[in-house]
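Chain IDs A, B and C follow the sequence of writing; residue 1 opens each chain.
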Amino acid sequence: MKQAMTRLSIQGRGRGLQEITSTLANWVAGSGIRDGLLTAFIPHTSATLLINENADSDVARDIEDFFSGVAPENAGYRHENEGPDDMPAHIRSALTQTDLQIPVLQGRMTLGTWQGVFLFEHRSEPRKRDVVLHLLGD
Amino acid sequence: MKQAMTRLSIQGRGRGLQEITSTLANWVAGSGIRDGLLTAFIPHTSATLLINENADSDVARDIEDFFSGVAPENAGYRHENEGPDDMPAHIRSALTQTDLQIPVLQGRMTLGTWQGVFLFEHRSEPRKRDVVLHLLGD
Amino acid sequence: MKQAMTRLSIQGRGRGLQEITSTLANWVAGSGIRDGLLTAFIPHTSATLLINENADSDVARDIEDFFSGVAPENAGYRHENEGPDDMPAHIRSALTQTDLQIPVLQGRMTLGTWQGVFLFEHRSEPRKRDVVLHLLGD
């Protein structure tokens, strides 16, 4: 049993979903661990991680629209000093995932046919975001 | 330290919550690992996993009603070609969990008295769903 | 590779967010495991765990307000026999996290600068809540 850890730096594209599946798959494949448990952790409070459909890009756009509607800007928040998109970003983060776990079998994530892993940026401007990857197994 | 992995196939019953606690408990008990970390991962984008109250079945029905209201059908989604229940299912998935982790102690999940583990089907028709289980420990 | 497990008992303060970052950090630091994966699991169905901003306490108050609005009391739930705040608590639990995973490096959680770990109480009255911690690593 052994473990591997790395920190990715991803250049974001602004609010919405950005697929990172192949980056994770490549790191897992090169880790030397064939079977185990992958964790992806995002050390931010206004960007999160999401597994969802990656076949039709309209799904990602509809998801973004949904979250924009659920936590709109200028909705009377106390916390406004970091800009109108900041508190909505914290709420969207609370509703989605700061960490994901995916079992790994024979060097591959056990993702389903239609599943992709996404960086979910909640602030309007493009930002560089870190993702910590941890893999434990044989 | 060792690990065990399996893939369950569960015959669903259509939209709503279906308890799978005893299936997980039985697999853990028979795994030969007494103390460790259980992961349940669902390789689908329109069904998820949820831990919630299992004592009063009204709770599961109220949860289903809530999610039906939050992500209704025919709400002007772009992604409509897989049917009116598909995009709401992806949104409901984004709001709940694709993976769960539960510490295991002395061969049993450390679930609380009122906690059950549920398969949360988000599409209207009954479907067969897979759940990947992974257990790492001693 | 080894593991450590404990059960914390935390005196809550009623509905809202209560930071527990330093409690987790102290347990990790004293565990004898320097690199690995931390899991925090809450064995309750009306309190959850959340990672979010801990610099400005207004963020926690805005998050509480948001969840109070999303799942209000007396909204026609079937499950009313445990009080008007109980079913909203189960819904708020379904929307947030029963478990968190955080990679640990050199004896410290890899939390970002602005991230804190919070116990998120969803019922109105203060309650004592347990949190199970599990750490696996070297």
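Rule of thumb we're sticking to: a contact is a pair of C-beta atoms (placed from the backbone, for glycine too) under 8 Å apart; a residue touches a chain by one contact, two chains touch by 3 or more.
The shown structure was predicted, so the numbers you read here are calculated from the model rather than taken from an experiment.
For the two copies, chain B and chain C, the CA superposition rotation is 120 degrees, given to the nearest 5. Between chain A and chain C, two chains of identical sequence, the interface residue sets overlap only in part, with shared numbers making up under half of the total. Between chain A and chain C the centroid-to-centroid distance comes to 20 Å (mean Cα coordinates, whole Å).
For chain B, the set of residues touching two or more other chains reads 1, 37, 70, 95, 97, 101, 136. Contact residues on chain A toward chain C in their complex (touch as defined above): 1-3, 5, 7, 37, 39, 41-45, 70-71, 77-79, 81, 87, 90-91, 93-95, 97-99, 101, 130, 132, 134, 136.
Note for the complex: chain C touches chain A at residues 1, 35-37, 50-53, 56, 58-59, 61-63, 66-67, 70, 95-97, 100-103, 105, 110-115, 136-138.
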